[in-house]
């Protein structure tokens, strides 16, 4: 049983809604229909092929998700692929990619998707309650869905930018491996988003620019707005990539700072204890066996020297280090 | 109470200024009006929608700041979004982003903004005192504001460039974490400025190039000047990003220099004291328990050798290091 | 004996297949021929030159593999060079580059290649069994082969992306030289693929866009599909290069992390044992020879101090390190 | 007293030269004038505005140096801003930026600059001595100056490229901080030059391409030559930036080489003396207090072992290091 | 005596060859001449200027080598600058840059060059032996030379790519300074080649695209082939630059690996000998002076502990290191 649902409005503004295969065909003159198919199995697509005579390539695209956003013209209808992202939680963990395939004809709009798309559900809800939504034209309905899909990327990018700035500050204070791992994850998200949203901008530009007969001049203005949003999103992605570079550079320089600090500590330790070890080792020699030196050693002068050296060495080293700005 | 203020000049050059809702409507023939709205709440925008019939998308943009600079044509008027930066103090701490929305019609200019924009205030002041400012056309008034907004970026960029050069020199002398943190902050500023001012150039190019009926040929020349300024600013931003790379590279290489220096110090220390420790350790052995070697040790030759080694080792090491150009 | 094979279909849909030199010439009106040549020696190409009068430059390209993908128009036929990759095994070890040269005329398609191309074999097989394949036009046959060649790159890129992500995770846990070596190998693969598949996209765009008389409008739609696939592949290659950067950065930062860890270990070791060595060295001095100090040493206070120092030093160091977040 | 000087030639080829305000106005028909103003104060520019009616924006540009190279058309004349660099000495220390503003009309050329421009002085000298220079047209005179200004960049770039190559070699032998500082200085020079000379190319392309009535077709050929020079300069700048990357990478890898070398030295030192210290420390134990072991120690075997270990340890270590290719 | 040589063929296919100044002038109708000048001194160029009236700028370019590849149209002839590289030996040591200046008229081809160009010599040889070479047109002769010049870059790039891959492998095994120095040398070669061959592609595109009257449509096809070769070369250069990045990254990571290895060795050495030094130092204390502890020390338990610690310490350390995957 194919998961079709249909929303229809006729010339007198009478609304009709149905589920199942009823009304899944090109509507008669004066009637406007939005047909939504929430699955992409071969059976359902075969029904579309039979009743609407859509192009095999377009239906093949519907069957296989993970397409590029695109706009294709087929005689009396447009085939549109749009993609968008949602994510849950305040941290951007996993991006959900939503893909919407749409056939936009003069009197019908057929939307095909595999999962539930929040933006589409919201528009469907609104259209069910208020039939005038459909009266503004099916191109406008498509605009509403596309706009909803695209705008979901803004909060994601804001959260990524915010987190990157946070990580950058944390890294400068103390680098941890988990931060780097997180930065790479965010970079993967940005790469994915750019891969999807960059070609989408071209699609919207095409809808906004050309005076296509299926897209009214009034609605084209609205598509220009989506185009602007996508431009802004793409610029944010680029900016995010720049900030990513910051975070990685901060990590590397923080790690090298850390190395320097430990090195300096080691150097200080050695500076204090290596000379001292020599001093105590010197007096640990078996002077009895070295007659020439034994008597010379038995003086108080040497005694005092030893104490002086023991005290002076670390102090001298510390001053020398200070003079080199190591501490 | 909406914060509207109006400046008006009629065909005979008579000037009139008012605050509040009076005169907030398209002026009659022969009259030229500049209407400024210093807030962006729904109520005020609703008044504009009712009286001027501006497009819902444009008014929605006005309600939500943080738009992209853009130029949109709506039948008898243009909708323009322009952005600029100001910052206070000699060091560039926080950038203030100013966003100006403007509707430019044949006889009216409506400017909408959320905060006080210094450039706009200056022009308003001048226009209030000298009504001839409005006589040169509302497109020219808009040019004056846009030019003022844009030119505020020059001192910011100069200060950033100057500070970067300074940091670069300081870093080469002694790298500190605060410098790196500052470099990343400046990079964020440059990324933000590029994100805003790069699309703005396209807007100005459109105003300068096309012979739009709302922009006189004379004023288009002036917009070309703003375009030139924006080109210069964008090139400065790119140059600034190049210099940023310098600063980070300087930091990393300075840190690795520092490591090298400490390493060399450690090596020197070890080179002097490890051999000495061996020498004094050797003579610290209990020769009485080693009868074969005891007598051999009791010679003066050995005595002298020990002293010679103690003196020669550090000197030899120093010469060898010199020959390797370590110091 | 040249390795020619011919597949022919005449106006009445009668199919004929043959091997060898028979039918290797431009077919008479009403007949459609696909001639496949599975070798590129001078002798065979000379036969093509004599019978089809192909341009010397095109035949020279056939003789020397390793061309750029391209599309050249010669009066009544097109000369096309297409390339694709296959690889065996689940890990991407060695890429096999397949190169297909094709002459597409009104009634003939001549395909020339040096090795066995799986995509071409599959189409040939299908065409042999079902002669209607040829009836859709030779341009469509060429589309099928090109599509097959191109689509073989998708699983390769997926495997590379998957492996890169895997390596990135492994590297962050423990960097090994073999991983880096593998990353560089994958980068070489991506560089090779981009070098080949980026110009190919232009070729397909040409076939899809222009209403060339040799390519029907219906088939041009299909070439647009190949163009879309190539766009997606090129975007995946770019994304793969970004991820490569991740892997190398992960490696470098992991290596510097490792250095830090060892350094910290060394510092800890020195912090514990250098002071202890001083303490035991101090009591190893020959106090008998130092009369001033001998009696002072014989006290219990000193005894206890030594034990206290021996215990307190490592504990104090550990706490200090903790306070610096070294562990 | 404004620093004007004028060079004039009338229809009969009669030459006249003067200083001061005489002849500073648009010349009568048949007369060709080159007016040079070697200062940019408001007073002098006011004279130009009064007598030539130049556009306020152009004159404002003249008053404020540090413009972008540009070409602006104002009805009957062109306004041109050209920039060039000179530097003194064999090492490129400080770049001098020369900025030339020129108004090119049908019968006059007005050049405005703040400092003495060598290229302009040379042309003026030639024109004073040989009046036929002016006869080839004022556009040709402007070409001569622009060509002179641009060509001064060639020796600068050659010297920078040469020095970079030199630094790269030196750095690989032994990195010093002053080299890095110099590399960053050269990078700043290249960034500045690119910022100025890249837009200049567009200006020259405009002069070379369009058949502007003020630039004869013959002279346009010459401007194409300047365009070619600027293209070559821009490519040299890009190449210089690539070489800069080399120098920095060489520095970083040289520094890490240096670290490795010191590390190896330290490891060698420790490998030799730590085992020896253990050996001599072992025989420094008070065996008298350890009755179980005292007698065993008194053997010759142990004696020999000690000597053997003392000799074998450093030798063994050296061989092991060799086998790992550390030396 | 100028080094001119001339090859001539008249309408009846009669060939004539001469050296020296004879026939160095535009040929009469029906006669086709290829004039080659193997030097670029002023005297020879003056002869060309007098007899052919070439443009001073073009002749100036001939006098000064190191031009950009370019194509300039002068009324009845084209002026072409082409460049190519050769190198000797199997390793790419020094690149020889060959520069060819050519004037291509309807009945003459004048080639000017400073050094012996192998590609040109080969064509001259062939044309001397087989006069029909000239009959295909002078544009075709020029194609043959340009093709020869360009194709010499293929083996150079192949050798560079091969060597880079080799270096990358070697570097991962053991980094040496000479490798890095070589990588930078190869990078300089690639930068030089790109600087020359990238503008050359534009020149060939111009020759291939436009139906210029001096270049027959048939020959334009051949120039398209050269264009394809140059595209391939440019892509190879880009790929080479990518591989260069690999080599440098491999070097840096190899060096940091090496550092890690030495560090680990040092840590191991210290881990074994620092505790042992403490143990033997402990028993080296003068227990006679420490009456409280002397008797306690005289037990066998302590004896055994010492031996146990001496043996257990290095073994324990080794296991701990293993558990951290350091070895």
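Things worth noting here:
We just call them A, B, C, D and E in the order they show up, numbering each chain from 1.
Rule of thumb we're sticking to: contacts are C-beta pairs under 8 Å (C-beta built on N, C-alpha and C of every residue); 3 or more make two chains touch, one makes a residue touch a chain.
Note that the coordinates shown come from a computational prediction; the quantities given were computed from them, not determined experimentally.
Note: centroid distance chain A to chain E, computed from Cα atoms, is 39 Å. Here the CA centre of chain C is 24 Å from the CA centre of chain E.
Multi-chain contact residues of chain D (touching two or more other chains) are listed as 252, 256, 259, 263, 266, 270, 274, 277, 281, 284-286. Chain-to-chain contact here is organised cyclically: the chains close a single ring, every chain touching exactly two others.
Read around the assembly ring beginning with chain A and moving next to chain B, the chains appear as A, B, D, E, C. Contacts from chain A toward chain C in the complex involve residues 55, 57, 67-68, 70, 72, 74, 174, 177, 180-181, 184, 187-188, 191-192, 195, 198-199, 248, 251-252, 255-256, 258-259, 261-263, 265-266, 269-270, 273-274, 276-277, 280-281, 283-288, 294, 297-298, 300, 303. If you check the complex, the residues on chain C that touch chain A are 165, 168-169, 172, 221-222, 224-225, 228, 231-232, 235-236, 238-239, 242-243, 246, 249-250, 252-254, 256-257, 259-260, 263-264, 266-267, 270-271, 274-275, 277-278, 281-282, 284-286, 289-293, 324-326.
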